[in-house]
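Chain naming follows the written order as A, B, C and D, and within any one chain the residues start at number 1.
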Amino acid sequence: MNVAPRLRLRCPAQSRSVAPIRHALRAFLEAIGFDGKCVDDVTTAAGEALANAVEHAYPSDAGPASYVELHARIARGKLAVDVSDRGSFIQRERLPGRGFGLRIIRAVTPQIRIDTANGTNVRMRFHLPKS
Amino acid sequence: MNVAPRLRLRCPAQSRSVAPIRHALRAFLEAIGFDGKCVDDVTTAAGEALANAVEHAYPSDAGPASYVELHARIARGKLAVDVSDRGSFIQRERLPGRGFGLRIIRAVTPQIRIDTANGTNVRMRFHLPKS
Amino acid sequence: MSGSIETVRLSGELEISRKREIRDAFTLPEGAAAVLVDLSEVTYADSTALTELLRFCVTAQRDRIPLAVVIRTRQFARLVQYAGLAGAFEIFEDRNDALAYLNERVNP
Amino acid sequence: MSGSIETVRLSGELEISRKREIRDAFTLPEGAAAVLVDLSEVTYADSTALTELLRFCVTAQRDRIPLAVVIRTRQFARLVQYAGLAGAFEIFEDRNDALAYLNERVNP
């Protein structure tokens, strides 16, 4: 059985969900020994991905089936953080003066893949802190 | 597919894990609309169950396979919170001046079952806040 | 009897990971005639904190040193109720009330 | 030119759920010759905050009103870097330095 530390959270895709999910992620990271800049960077990246899911994934009148999910765990010597929704990714040109979310995510995340086959799944991989 | 809000967290069974898990639970409860006394009561009960897992479930030299897990979700009109470990429940007489943990859990939790077949699984069910 | 009222103060989250620190803090200050246990800045408490507080109260009682506990956080106040310990401590919401209570006992 | 330096202040977590409040706060105060954007008590910021801050700076620039931003939280300071906006704002860690910068511009 896999006994590695793990956090899995599913909440309604509403903007008031983002801060609590971020707080939960921060708490989890602290429990498994991350600190300082590492915690900040991972929560910053996850916060952006969560905000995107809440803001863009679903039509504004989406019902209770619209949710956002965060899954964090240690796997193969990395911290894996996936943020996913079941909405539709909206492809668009970057407008001047906005579109900082994905840019920030890319800046902090050493390894990232964005899957848009079935909703949006932002798959981020971070180095573990040296101990 | 079940899309109900859900929090699942697994951390090393160490005393420094308890506060972060509690904070994550609090954040989750706030995300799904609990507040005030409800949040306090649920985190108080879960905090006691977590502390017990960390303190009693495993021998003190237990390795990385010793973990504690929290699973919270809305199911059948209740908030279900399970705290589980894979250690061994230690049955003992209540000593005067201690043993407040289970007493506190019972006082706040309308419905509770403690399963000790495979480690300890404290299964708590709470009423949803009236909205 | 007359003497000084000493204060023991703890703040933040009083929980299992701070067990040792809590136990160390809950010792009778040298020469105290009475002790104000100021927990007004505690934001959360668990049964670890209660167990240590009870132990402290029992010690103080044995030495006939009156003790007043200030608790302001609702979660903590409820915890005392849930544990069935509401009668075990002299609890005050207001620091001045606690001091008045102790003053009466130290300088009757 | 001479005139008053007005302060716009926000604190806590500047994130998506506070978008409207952030946008409303980031408006030019009536009659301001310069604006100190005091974000020293911000504990966390996301791209929503950045986007609104940028919009505010662009408006101020258009009206030739100098603006100084105080940021102390490391997470926020890094966010600005990550977004590639380090050159877009006049950022200060110290409130007095920000005021000195604005004073120079208002009373040259």
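As a working rule, contacts are C-beta pairs under 8 Å (C-beta built on N, C-alpha and C of every residue); 3 or more make two chains touch, one makes a residue touch a chain.
Note that the structure is predicted; figures quoted are calculated from it, not measured.
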item: Farthest chain relative to chain A (centres taken as mean CA coordinates); value: C
item: Distance from chain C to chain B - Cα centre to Cα centre, in angstrom; value: 27
item: Where chain B and chain D are represented by their mean Cα positions, the distance between them in whole Å; value: 43
item: Touching two or more other chains - residue numbers and ranges from chain B; value: 16, 19, 22
item: Inter-chain touch pairs (all); value: A-B, A-D, B-C
item: Chain A contact footprint on chain B (complex, rising order); value: 3-12, 16-17, 19-28, 30-32, 64-65, 67, 86
item: List of chain D residues in touch with chain A within their complex; value: 13, 15-17, 19, 44, 46-48, 50-51, 54-55, 58, 74-75, 78-79, 81-85
item: Sites on chain A touched by chain D in the complex; value: 15-16, 18-19, 22, 37, 40-41, 43-44, 47-48, 51, 54-55, 97-98, 100-101, 103-104, 107-108
